[in-house]
Amino acid sequence: MSQSYDRGLVEDFGRWTEFSAGMWAWIFHKFTGWVLVGYLFTHIAVLSTAMQGSDAYNSTIQGLEGLLLVRFLEVGLLAVAVFHILNGIRLLFVDLGLGLESQDRTFYASLVVTGVIVVASIPTFLMGKLA
Amino acid sequence: MSERYSSFEPKGTRWLLQRLTAAFLVIVLAFHFMQLHFVNHAADVTFAGTSARMSQPGYFAAMVGFGLTATFHGVNGVYNGLVNQGLDGTGKRVVKYGLIVAGLLLSAQILRLAFVMAGGSIS
Amino acid sequence: MHEHDVIVVGGGGAGLRAAIAAHEEGADVAIVTKLHPVRSHTGAAEGGINAALRDGDDPKDHAYDTMKGSDYLGDAPAIETLCEMSPEETIQLEHWGMPFSREDDGRVSQRPFGGLSFPRTTYAGAETGHHLLHTMYEQVVKRGITVYDEFYVTELATTDHPDPEERECHGCIAYDIKSGDLVGFEASGGVILATGGDGQTFDHTTNAVANTGDGLAMAYRAGVPVEDPEFVQFHPTTLPSTGVLISEGVRGEGGILYNGDGERFMFEHGYANNDGELASRDVVSRAELTEVNEGRGIEDEYVYLDMRHLGEERVVDRLENILHLAEDFEGVDGLDEPMPVKPGQHYHMGGIETNENGHTCIDGLYAAGECACVSVHGSNRLGGNALPELIVFGARAGYHAAGRELGEARIPTGPSARTEAETGLDTPVSPGAIDQPDPDAVADGGAMTADPTATVEHTLDGERARVEEMMERDGINHAEIRSDLQDAMTQNVNVFREKEGIQDALETIRDCRERYQNVAVADPSRTFNTDLLHTIETRNLIDVAETIALGALAREEFRGAHWRAEHQARDDEDWLKHTMIAWNDGEPDLYYTDVLLDGEEKTYEPKIRSY
Amino acid sequence: MSTGITETEDDGTETQTQAVGAARAAGETYTEMDSEEIETANEEARRRTRELVEEADRTVKLKVFRFDPEVPEKEEPRFDTFTVPFSKGMTVLDALMWARDQYDSSLTFRHSCRQAVCGSDALFVNGRQRLGCKTQVADLADSGIPKKVRIEPLPHAEVVKDLVVDMEHFYDQMESVEPYFQGEDTPDGLEEQYQSRENREKVKMSTRCIWCGACMSSCNIAAGNNDYLGPAAINKAYRFAMDDREGEDLTEHRLNIIEQEHGVWRCQTQFSCTEVCPKDIPLTEHIQELKREAVKKNLKFW
């Protein structure tokens, strides 16, 4: 509910420093979801160069992949996707009414597992020849 | 009360579909990542490779399904997210149709692209 | 000005039931309450509702138990009405969906309770009151009954005939807490007071902060006598810092009371050599206080209730709730350390004199619930008998105010029921008002006219002036007066009562009254001014405390909850009678009326009360 | 009419206080304090407060949100700090009451039962929704006494004054789910409706709600979307939907209510409601169960 005056420190969404696990999970899931849709649109746009012929496709992909920045962004994408998947699975369980008591622990687990997978994947993602 | 029954779409359907698509996406997205980053390195992707894969009916179906499901899941997710934040009235209607249009365009593009990738031609 | 057929003041168990009843009868009814209904203190009741529901039980047995429990100071017509109607009212709650605890066969459960000859206490977990309150509020929502919540009723609008029995009540004045406006409420059918208890007259109570006896004080000043005010029930095990009740269940399971020297004083100091901790409430309360007064208490304040020896398993299984209460409200882990407890005010048996239809001697003015005294509890209330009182007499008051024929009442009301005057009461100071009664209004807050609307408007003007004055002037804060009053009552008019102590209390009360003449409200705001509300409440507390002290001073015997150092026995010869105090336009008048021991079925012969 | 109450005078004779006010009977008239006396009395009260604080072994500092739209000095929201003597067992509500009675009688908050049943005093204490009366001051620190206790009104609600928020919206949501038993075939007279122990157990937790509004205040979705029914109202609907004493048609009707646009589907399983609920009601679990019930019901239609 919006305030008719400034309520000082108590903002509309409370204080982020005081968020609990479930709220963070919600924020992160939202954020990662939006990044993923955004990526889906750009991804299809990039791939659509295929319609101009195989050369255009090859050069675009390889041009992009040749950039270190893109490689790092891909790692980011992986992180985002992995978290969204893991937390998504967590949410599916919650929807089935399973493991509600450990909802905070499963959230932390999602974070940790995401971290591990991302770190383990970095070499693979950054490997390959750069232009 | 009657307005509750006037809709063909019970309110829970989209919620349910969001979960079902999510469950499907877990599988195909993981598969997709494995394919294009671990099995085949992203930097090595070429049109030839892509179209070789896309020519296999199973892979083709999986990828098209992946694309369309992701589109629904993503677009519906965005819409839900906004409604949850209290988006209402005109804004809500604009966003709804905007998202439907965007989703349909993206779906069409995915289908066309998949067709091209599988070696077809569209002109 | 708001107009309704029936105005119910208070949204606790009694008020809600009255409103539903009046609504059933087709009246346009509104509830005016200072707290939102679900915040009422009925929600705190734990134990249950007594109702003779089962084969082998009979309302007559319930009536007998109640009369015996009252130490023969209850009125038979009231007690019989209560016990006969309690089953149907209780089942009515069940039909409204109240989540009672259940037996294996799906019927509502009942459990044994102190002083009952049959396990007839119907309950819903350890939160019976909460469920009763919420179930009834739900029915109020269902019926679309108007609720003015957070409206504080400051005074009744009654006409000013010199004889209270000729007065009429046409409504009341309420302060809209959120906006700060004073508004008039006019009721064509009647005003039902259901304002609950007055535990705040003591500094240590199981009652809510909002239980300030407003209704009792308002009715008293309007001319209705206060009946048996000296009978106040004290519970022996309440937490010292908050007054939260620790159920008798702990002692029932084997909990032990220790003093500061680690002695099991109930036995070692011979208070109850047979029953020990399980002796009746008043005996245990007095024992605890004696220990503290004789320097064997802890921090000069409390004793210990220990349940550690029962073992974690048993405690968690049967007394889990108690662990939470001790932890949340006292910061004590009951499995690790003994719990501090001391006696606390719990229930006021006395109250606004009414007949079995909830009607007072003033036409159009009703009372029900803890603020009223139909006299079902006499000198001592049995556990589980207050909730049925709320629903039975709440309903009756509601029906009657809305015009249903309930038959002639058998209990007489008003000063005309006087059978004996008190002449020799030895008070150190005069009780009653300090101001000369308003020449325009004989009854305090009353008006010179018989026209309903004008009566309400006149009262409204008076209240406006009173509030304005408190808001505008400079003065002292009420909080200290309130706390001095509470201290004096707890010191001298609680479990132990001695003539001199009570006289001291009366002096302090007088002093509080004089200081109150100078109170002012420091908060200048009209928005949600709780400073103003608490200040008005304090005045009501002074009036109520005074009636309690006067009654306690007058009654020279030991009956039920009333113990007098100088008079250690029940005295049916001289004291089988109700104490009545009438405000008498500012000069309290104390007199007595007969106790009605003749019931429909039988006459109750006073017997020795022993269990 | 005899007044019945007499009074002992110094000379020992008793006089009836017939038609005379008390002090007058004793031969003296009561006089009001003049402004100087009042000032002295008030100064005296302040001195006693200072003494109490100085004498205390331990004190705790309350930082309390203040706001009053009507009073110029309080129009701008601010925090006031009150130093309160600490005693074992002291709750946040006790501390607030002390501060009000000793320092500033205009300090405004709702409270009544002091035992977590009336639901009046849900507050935002050190960044979390809690009942003032159910929160031990000592529990706000890892050990000993907390350095500061910051007390604010519930977030996501209009502040009326100081710690008092407008509850109307919460009540509206609660009352919009038809929160009353509607069983149709209630038996007559003293006949009861039977209910199994299991079924009562099933609804037990949901019936414990005290309408404090803590859950609603903690939910980000409710904060962003005023139409959302909120956890407490959904829990109320659950209480009836799951009660076997209401027939199947009614259960379906109840599911229709909670699966409206801004019903259960809005819940994003943030769990904060469940975490703050002072009555330990598993709100998220109840909401999730209703979502599944609603889906099941809709599948049946196809």
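Going in written order, the chains are labelled A, B, C and D, and every chain counts its residues from 1.
As a convention for this text, a contact is a pair of C-beta atoms (placed from the backbone, for glycine too) under 8 Å apart; a residue touches a chain by one contact, two chains touch by 3 or more.
Labels paired with UniProt names: A = Succinate dehydrogenase, cytochrome b556 subunit; B = Succinate dehydrogenase; C = succinate dehydrogenase; D = Succinate dehydrogenase iron-sulfur subunit.
Remember, predicted model here, so these are calculated numbers, not experimental data.
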Nearest-to-centre chain - CA centroid comparison: D
Per Cα centroids, the chain farthest from chain A: C
Separation of mean Cα positions, chain C and chain B [Å, integer]: 67
Inter-chain centre distance, chain C versus chain D - centres from mean C-alpha coordinates, in Å: 22
Centre distance in Å when chain A and chain B are each reduced to the mean of their C-alpha atoms: 17
Euclidean distance of C-alpha centroids - chain A vs chain C, Å: 62
Multi-partner residues of chain B (each touching 2 or more other chains): none
For chain D, residues that touch 2 or more chains besides their own: 69, 224, 226, 268, 291
Contacts with 2+ other chains: residues of chain C: none
Chain-chain contacts as defined at top: A-B, A-D, B-D, C-D
Chain C - residues contacting chain D, complex: 35-36, 38-41, 43-44, 53, 87-88, 91, 94-97, 99-108, 125, 127, 129-131, 134-135, 138-139, 141-142, 178, 208-210, 239-245, 325, 328-332, 415, 421-436, 474-477, 479-480, 483, 510, 514, 517-518, 521-531, 534, 550, 584, 586-591
Complex contact set, residues of chain B against chain A: 19, 22-23, 25-26, 29-30, 33, 37-38, 41-48, 50-51, 67, 70-71, 74-75, 77-78, 81, 102, 106, 109-110, 112-113, 116-117, 122
Of all residues in chain A, those that touch chain D in their complex: 1, 3-15, 17-18, 20-23, 25-26, 91, 94-97, 100, 103-104
Residue ranges of chain D touching chain C (in the complex, touch as defined): 1-8, 14, 17-23, 25-26, 30, 32-33, 35, 38, 41-42, 45, 68-71, 74, 87-91, 94, 97, 100-102, 104-106, 108-120, 133-134, 136, 138-139, 160-161, 164, 167, 171, 175, 178-183, 186-187, 189-197, 200, 203-204, 207-208, 210-211, 240, 243, 245-246
Touch list for chain B against partner chain D, complex: 1, 4, 10-16, 80, 83-86, 88
